[in-house]
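My questions all concern the structure below.
First chain written, first letter: the chains are A, B and C, and each begins at residue 1.
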Amino acid sequence: MMHAPFATFAITSSALLIVGFWALIVKRDAIRAIMAIEIMFHGANLLLMSFTLYAVVPDVTGWSAIIVLISVEACVIAVMLAMVFNVFRRYRSLDTALLRRLRW
Amino acid sequence: MMPLFQAILAPIIGAPIVYLLEKRLRLKVGWIAFAILLYSLSMLSMVAVRFLREGAPIVEEFAWAPLVELYFGFRADGLSLPVVLIIAILSTVTAIYSMPYMEHKTGWGVYFALYLLYAAGMMGTVLATNLIEFYLFWELMLVPSYFLIAEWGYGARERVSFKYFIFTHVGALSLLAGILSLYVITGTFQLYEIPIKLRAANISHYVLFWIMVALLIGMFVKMAVWPLHTWLPDAHAEAPTPISVLLSGVMIECGVYAFARFVPLFFPELLLENSHSLMILAVITMFYGGLMALVQTDIKRLLAYSSISQIGYMLFGLSSATALGLIGSIYHIVSHACAKGLLFACAGAIMHQTEGLRDMRRMGGLAKRMPCTALAFLVGVFSLAGMPTLSGFISEFMIFLGGFQGVGYTQRVAVVVIAMLGAALTAAYGLWALRRIFFGQLPDYLKEVKEAPVTMVAPIMALAILSFIFGLIPPLILNFLSAWAEALGL
Amino acid sequence: MVIYPELVPLLPLLLSGIALPLTAILRIDEKLKRNIACIVACIAHAIAMILLFLPTGLVWVTQKEVIVRSFIKGSILSTLYVDSISTFFMLIFFLVGLIVSIYSWRGLEPGIRAELYYALICLLTTGMTVLCMVGDFISFFAAWELLSISIYALVCSKRDDVLAMEAAFKYMMLSCIAAILMIYGLSILYGYTGHFDFIGLQRALSASIPYTVHLALALLIITFCFKAAIVPFHTWAPDVYQASIDPITALLSGATTKAGVYGIMRLLSISRLSPELILSLGVLSVATMTIGNLSAILQRDIKRLLAYSSISHMGFVIMGFATLNPLGLAAALFHSLNHAIMKPLAFLSLGNMRLIAGDTTEEKLRGIGRRMPVTTMCLMVSLLSLMGIPGLNGFVSKFMLILAAFHAGLVWLAIAGIVNSAIAVAYYIRVMQIVLRGTSGAAKAEVPMSLLLPVIALAVMCLVLGIIPAPVISWALSASELALMGKP
C-alpha cells in the first residue's frame, strides 16, 4: 500500500490543531467548542498515528496507544456534553458569551 | 540537667497552660506567668554563678535536622549572660506589673500566653549558638509582639502593628540573606565555626562588606537606628505599657547584642575600617532621638524617642571597636533596660491612675499624689542622664571613653563635645518631663489621684533599686563582660 | 489471575467510587444514604493510607517496576512503576482526600447529591493514585483524564450555582487543550524513541537528544504546569477555587495541583532536561511567585486571595525544580507536602467561617475572630505557616528552597524567593487583621465538632512538621537522589 509521505501527515495534523484552536477561540456556540476540541484531539492522534506508521521498527504499541487514547477521549467528550447540557438547562441557550460572570 | 534548655522551654510550655488556666484563675494567671519566668530566671542565675566559678562558656547542643544542617544549642558566655539575665529580670517583674494594668481589659489568657512566648523568643535569641536558630528566635520575638500591640494597644494600633511587623520582617529577611550568603561561603551555620572557615575561604573584601551590610540592615531595623527607626515611635507609644517596657527595654537591645556577637566575630577588620561611618550614624541617631524627645507632649512618645537616642549611645560604643566601647554598650543594655523599663512603667502607672492621661501639658504636681512613682521616675531620668551612683553613669562613661580611644587625636575633641551635648540633651528632656509631670501646680481634675497599687509600685521600685545596684557595684556585670572581651582578644 | 500487591491500596477507593453511585437507587432515608456514603469514603481513604505504611506497604519500596500481564499469554497490559517519589505523592493525595471526606460529613449543602459527591472524590483519589503508580505515559494519560473528569464534575457539584458551572466549563476547555498538547508531546517522544514506558524512555533519552524532543518535553511540562497553576497557565485557578464549595477548593489546592508537580518530577527522573528548559522553569517560577503575590494584594474576597496565594506557592515549588540538586528537589517535594497541609487548613477554616458569617468577603469576615476562637487560631497557624514563620512547617521548606537555590549558584532565584516571601507577608497580615479586628457584636458561635476536627488535625500537623521535620526531609531527600541518579 502506498501511503502519503510523512510530511503530509505532519502538516495535516498541525493544520487540524490550528483550525481547532481558531474555532475554539472564535466560535460562540458551546457545541462548536466541543467539536473544535475534537478536531484538535484528532490532529494530535493523527500525528501519533503517522509516527507509528513510519516507524523504523514496526511496533504494535503505537496502535494500542491510539485506541486507548480514543476511548479515553470518548469518556471526556461524554462528560463535556453533559456539562454543555447543564449549561443549556440553566441558560436555555448555547451561547458561550453568556458565561461571562466570572471576571478578574 | 540542661538548665538553659529548661529556661527557654518553661515559658514556651507555659504559654498554652496559662491560656487554659484563664477560665479558673481569671486575672491571677499573671502569677502563674510570673512563677514560670521566675523559674527561668533561677535557672539562668545558676548558670551565671557556674560561669563565674568555672570561667568557661556553658554550651548545650542538640541535633534538630542534621540532613539540612540545622542544629540547636544554647550558649551562655560572658556576653550572653548579662543580657539574658536582664531580659529575664525585666520580663519577670513586668509580669506582675501587667496584672493591675490589664484589669479593665479582656483576654488575659491570650495576653499572658503571648507574653511568655515573647519572653522565650528574646531569651532564645540571646542564647542561640547558630545563625538559623538565632533567626528562628528573632522571628519568634516578632509574632507575639505583633499580636500584643494589635490587640491591646492604643490609637491606630492596626496600622501601627502592621508597620512594625512589615519593617521588622523585611529587616529579618535582609538578615536571612546575609546568613545564607555566609553559609554558602563557609558551609556552616555554627557561630564559632564561621570565623575559622571565613578566614580560610579568602573572600574578596567587597563581598564581605555587602554581607555585613545585609546583616547590619536587619540589626539596625530592630535597633531603630536612623534612618530605619520610623516604626519605633508609633509602636512603642501605642503598645500596651507593659509591652512597651519590654519592647524598649530589651527587645531593641537584642539588635545591639546581635551586633556585639556577630560583627567582631565575623568581620573584625571591616568593623575597624568602618568605625567612623558607624560612629557618625550613631551620633545622628543620638541627637535625632534626643531632639525629637524634647518636643514631645505625649509621655510615651517622649520615652520612645529617648529609646532611639539611647540606641545611638549603644551604637556609638559598638562602633568604636575598642574593648571599653563594646563593654560599655552591653553595660548600657543593662542600665537602659532598668532605666527605660522603669520610666515606661511609671508612665503606665500614671496612665492607670489618671484614667489614661498621657499628655504632659495636662499634668503637673503629681509628686504630691504619687510619691513613689515620682521618686522612681527621678531615678530613671538620672540614670539615663548619667549621674554617678546610678548604672547609666558607668555605661555612658565606658562608652565615651571607648569612643575616645577609638578615634585619632584630632577627633577626640569632637568626642568630648558629643558626649557633653548628648548628656545635656538627655538630662534636658528627662528633667523637663519630670518637672512637667510631677512638679508644679496640681490641676483640679488630678486632685483625687492616688498612688499606684502595690503590684505596680513593687516592680518599679525593684527596677530603681537595680539601677542603684548596677551603679554602685559594677563588677556584678563587668566580671562577665571582661571575660567576653578577653575571649575576643581585645 | 494474579493479584498485584502494589494495586491493593487502590482497591477500596476504586470499589467505593463504583459502588457509591449505585446506592442512589436504594430506597432508604436521604440522611442515612448521605452518612453511609461519607463513612465509606472516609474508610476507603483511611485503609489506603494505612496500607501504604504497613511493613509490606509501598512506602518502604525504593524502586520497583511491575509488568501487568493479561490472561492472553505473553502480552503486556501495562506497566507499573513505583518508587519513593510515587509514594510521597500518594501520601499527600490520601491525606488530603481523607481530611476533605471527613470535613464533608457536615460541610455539604443540601443541593448536592452525597453518593455522587463521595463517589467522585474516591474516583479522584483513585485517578491520582494510579497516576503515581503507572509506568508508561499512555496509562498516565488515562489516569490524568480520570482525575480531570472528576474535577470537572466536583467543581460544579452544586447544581444550581451558576458561577460554579461557568468555572467548570472554562476549566474543562482549558484542561482539554492542555491534554491535547500532552498527546502532541507524547507523539513526538514516541516517534523518536519508540517507547511509552518510563524505563524504555529513560534508556533512550540518556544519550544526547535532538531539539525536537526537547520541544516534546517542553509540551509535557506545559501540561503539568497547567495543572499546577503556574503562570501563564494559571488563569483557571482563581475562578475555579472561588466558585467551588470549600471542601472541593481544599481538595483542588491540596491534591490536584500536586498531580502536576508529580508529572514534572517524573519527567525530571526520566530524562535530562536541557539547560534552557531548566532556566525557563526558573523564570516561570519567579513570574508565578510575583504575579501570584501581586494579584493577591489586590483581592477583596479572602477566598480568591488564598487562591492567588496558592498560585504563588506553586511557584516556590517549581523554584526547587529549577535548582537541579538533590536538596532543591527534596525541598520542592517537602514544600508540596507542606502546602497540601497548610492550604486545605486555610480553606477549610475559611469554610467554617463562611458557615457562621455567610460569605468570605472582607466585610462579612471582619471581626469574626472573636466569635470563633478555635477556627481563627487554626487559620492563624495556617497563615503564619504560609508566611514562613519559623517553628511552623512552611519555614522549613521555604528555607530549604532558598538554600538550594544558593547552592546551585542561582542567586537571582534565591533573592526572588526572599523578596516574594516579604511581599506575601503584606496580604497574610491583612487577612489576620481583618479576621481579628473589630467587634461584630454577635455572640460566640462555633461550628460543630465534625467540622472542627479535620481543621485542628491539620493545624497540629503544621506544628509537628515544623518542629520535627527530619523524617520527612530524609524521605524527600532519598526520593530526589533517586530521581537525579546518573544525571549531571
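Criterion: a residue touches a chain if its C-beta (ideal position, glycine included) is under 8 Å from a C-beta of that chain, and two chains touch if they have at least 3 such contacts.
All values derive from a computational prediction rather than experimental measurement.
If you tally contacting C-beta pairs for each pair of chains, A-C comes out on top.
Chain C has the C-alpha centroid lying closest to the overall centroid of all protein C-alpha atoms shown. Each chain gets one centre point, the mean of its Cα atoms, and the points for chain A and chain C are 27 Å apart. Chain centres here are Cα averages; for chain B and chain C they lie 44 Å apart.
Measuring from the averaged C-alpha position of chain A to that of chain B gives a distance of 68 Å.
Listed in rising order, the residues of chain C touching chain B in the complex are 327, 384, 389-391, 395-396, 399-400, 402-403, 406-407, 414-415, 418-419, 421-422, 425-426, 429-430, 433, 436-437, 469-470, 473-474, 477. For chain A in complex with chain C, the touching residues are 17, 21, 24, 30, 33, 37, 40-41, 43-45, 47-48, 51-52, 55-57, 59, 61-62, 64-65, 68-69, 72-73, 75-76, 79-80, 83-84, 86-87, 90, 96, 99, 101-102. Contact residues on chain B toward chain C in their complex (touch as defined above): 64-68, 132, 135-137, 139-140, 143, 150-151, 158, 162, 165-166, 169-170, 173, 176-177, 180-181, 183-184. Across the complex, chain A is touched by residues 138-139, 141-142, 145, 148-149, 152-153, 156, 162-163, 165-170, 172-173, 176-177, 179-180, 183-184, 186-188, 190-191, 194-196, 239, 242-243 of chain C.
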